[in-house]
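For reference, the structure is listed below as structure tokens.
Naming follows writing order (A, B, C and D), and every chain is counted from residue 1.
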């Protein structure tokens, strides 16, 4: 008999004001950023600009430095994963990534090189601990399709991560392209053919649409706290409204941050759309709710609140929600301590979120 | 003995595919729009433009006509309230209202006239059924304060409703003013002094910030379904970040649509802000969560989903959440049928949402 | 484009005080009682005694007559299933069934005959609509094992249903045998070998233990409303404490009525047991929670309350909870109207409860 | 500005496998047992017998000794309260207390002496930290009413706690009296007049009704883990069925352990009762649900599971649920660590459970 179930001696105890955490080992995380050594040579938004200095983001300097230092520090990442019970991570190139590269030719070269680098530094070096999402040059959707195919079939990429809209042109004169636009169809055709998910990652709204900047009153940081997610939710709605999921009903999109609040709002979006003129707001055939429940996965990246997670599960189903962190922008340890301890999800549900769903979707195992 | 509790004769029955609703009578609703007969003479956005034709919103024509016809139809409104178990309604001028009037002098005159009209048509005519939220000319915050005082002390206004930012100038050349801007302080000083709540109602984001218009791909309706709320959530965050609630800790803001998704997201907004430089993102002293829990009420206007409501209650407390409809843009009957029947909130909680909270906050009773 | 998503003409409507139900077709139900034509000849508790007249149960006469009339009325059952969206039912002999037969030889003969009858009247006659749970003579566990094997392998029984303890002896002098007693091991060995679930159905506590009869103050009906379930929960705990699931870790028990409140209480049962002397309260090796989560399924028979269902799912996992009715003691239509309409479970979860779990567990399909 | 909101330097950290608890100070606890120095002289069930040795309960010896040592150790209790953030406790005489005293005259004398002792040792000595529930001799309901009045009006008792049924007679020949019996009416008349709540505390079912003892297979401890609560739930139902709350609609009963699972089951109890003959199962006029929602409070004594608490709140309302521990049978520290940290209840709700409800109901304050 396993007597470890029993309390011996006394129910009384001295509290040190903390509770120990029953660490769940083997978690899988999906929204985990890495940098690139290739970027500094280019005249576009550098990866590091996202962290410190981008339009004067008032990040605490030491936090900024700390995050940058950890983007490419593989041993530190593995140590942190070990401490946090994270067995397997699918890495991806940090925002804005290739999508922020103005020049299409540069974007294409950088995407290929970045994929090779992620493969070599993570997947090949630690096949039991890392997979990767490819990055592709959406500035040229045909090239994006080609690179996606190479990354998936030759490098074993688990899918592709896109940082929102792409900037095409030059820093002085560029257009913004969303994924629902007609030009992107070759990309979606390939996604459908390869049957891999697309992680739609937040990026700041285009400068002209930056909500909290209203009259320049508040800095980028406040914007990041809310505006990035709103931009991404809007982008996801554009995909739904465009009829993409009617043309490709098997395409699967992953959204972080519990689907960027769409579970909270989707029923209302549908009731509002239903009072319109059929067809006037997009060539879609089903409800937004249907698409959210059949063409989207959600991750917990950045989320540490029970009701937000329950709300997401209730809308999307517990087979479509997955743990994630957003390392190094969030702490593996904080995310794991919260997730491993939190009540109210049930053991079976937590195991699905922690690893079972990711194992099924990405065909991986996490010991 | 009350034998109505008992089933007689058989447990078997023929189902007609519907369930009867135990109507909860005496509900109070707060986000209920009325039009104005005064508007057509002015060269600004007419009230009706919001409903049909505004930048080509593809509303179904008959729905648009139906909504317009009901904005000012008091008997039809009362009939609908009776059928829906809504005992008391606080009406307000429909969006964009005075906030969309470019010329400050016009705005001031229209606000006064509109308040007089709402008082006469609703409160004076049916004192047991209607209260009203004042409208004020935020284009001139001192004038707004003066009109607010008049409306509250002389007409019995239950508070004030503001349709987001105000447009100041002319249709060709105007600026946009948010409520957190320094110029608005005289208004907030008066709000604090009068101790009445401010309903922050959605309106479309400024044209330059219209997310879903990205490249003009999708119409206004899709925008309305998501973008209005995102704009309003951002506006509410601006208020928090501005330190308004540190200066006026008793000021209370009402947000519709279950606080525009802030309950789902507020914990994450706080963790993101906490990595910044103190003071750089606004002169606030407390967490956004603290403000949401102490300076905001939420209504159910437009919401008919249990998990969204539960999530909101969990964050804000069941004493800060109230039933509402958004008539005539939403159906009183649909809102009531959903609310009166829905399980999972508990009897005591439903009574608070339905009337007890509003009775306490607005000092009204609803038979 | 499917324009049925759109509302045409008006948001206003006349409410008739009811909401229509989006009927979920293809539900599967498992705690569904049938009678037997074989019983009247025996001098033991007749099946019908359970319904009307048993120790003076003050059932409404017409309800009692109605229930009896429907126990064996197959066409009425199918009509009711059709109206309720129930595609497939696993029937079982109504309580107390064979377990209430004092004489062991009679019990054995009746069990065999009852299984043959259920097979012929339901499974053979309507193979697409009905399966059955075998009944076995637990008065002789070896005979029970033999009959179980015959029923499963020759008649296709989907498992076995046991009405709690068995009475062994004569009406004047009998003993009561619970399923955890040593004598029952041959039965469990066969259950394990055949890999079929055991539905543990409530029956009244033994006369000496009838809680609400305290001083004879209240009638059987009050007892049925609470005491039957308490007896069954206690019986289930006896199975756990006996070490049964350590010896046969694959054995699966089905409990009705959301596992008879064990999800609500199991954590407390474990903390209380943990302060005892290991081994003194039974030769079990794991926590009660572990057994509940790994060796039990729950059905919704008799349950129409969201929080009870959510609580059960949270403890046992949504893959272990299944719809059921308890026809004809409950109304198919009422159960279906509640289940099909209720919010807060999520579409994916409801489909699992409605049919997916049962399809997987019993290897059936329900069109 | 309060910069404590900010993280400085790094998001990365070394986890020690624990999370710190934001201790909620000022909690109030209500099901907190004390012993009596008066008991050893009597030939009835001693208080200590409940803990160790009662019918061979296999408590771990050192746990039993530890619990006994803490029943009357006031300084240790206060230290534990301080460590756990419990500001105020309402103590009561431990089970079975006066209810287990066979001789009526002894019961009456002991009740008076026990109340005087609790008043002197707790309330008078530490008025800011302790109140008490009176104990009364239900063996003589008139005497119970008299003693209740004295305890409330002269000693400031916050109400009365009853350990289930009372044993009247001698150890060899006694009857069992439940609180719904006609003889108890003088007690209820006084309770109603004094307007104080009655805590209905579990005790073991009468020996003849001990469910899990079925055939003597399992010991008292297993019974305690489930059977005590089932007995108490049944006793509460007897009160409802007896029409007590129709005669005294203001009488309020407190149940521990989240109302002994009644929130989970009460809807089903009502649907089962509704098929009976009106009046046959008791002279009650309303549903059991109505009584539970209007005549009962629940405490968390012994409960550390979120879904159980949420389920209870949903049925009874958050204004009727209160924190408690069951010290020294449970650990103050464990209860506080769980309650203070658990998510999913919301800040406002937790404050009500922690102290606001108890402050209102018992007219106390807890700093």
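One rule holds for everything that comes next: a contact is a pair of C-beta atoms (placed from the backbone, for glycine too) under 8 Å apart; a residue touches a chain by one contact, two chains touch by 3 or more.
Being a predicted model, the structure only gives us computed values, none of them experimental.
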{"item": "Between the pairs A-B and B-C, the one where more C-beta pairs touch", "value": "A-B"}
{"item": "Proportion of interface numbers common to chain A and chain C (over half same, under half different)", "value": "same"}
{"item": "Distance between chain centroids, defined by C-alpha means - chain B, chain C (Å)", "value": "49"}
{"item": "Inter-chain centre distance, chain A versus chain C - centres from mean C-alpha coordinates, in Å", "value": "44"}
{"item": "Computed distance of Cα centres, chain B from chain A, in Å", "value": "33"}
{"item": "Chain C: positions in contact with at least two other chains", "value": "6-7, 11, 60, 63, 270, 273, 275-276, 305, 307, 310, 314-315, 330, 344"}
{"item": "Touching residues (chain side chain D, partner chain B) in the complex", "value": "1-3, 5-7, 11, 270, 273-279, 283-287, 293, 313-320, 344-349"}
{"item": "Of all residues in chain B, those that touch chain A in their complex", "value": "58-61, 63, 165, 175-178, 180-181, 205-206, 208-212, 214-215, 217-219, 221-222, 224-227, 229-231, 233-234, 237-238, 241-242, 257-258, 261, 263-265, 267-273, 275-277, 280-282, 302-305, 307-308, 310-311, 314-315, 330"}
{"item": "Residues of chain B touching chain C in the complex", "value": "6-15, 17-21, 23, 60, 62-63, 66-67, 70, 76, 80, 83-84, 305-307, 310, 328-334, 336-338, 341-344"}
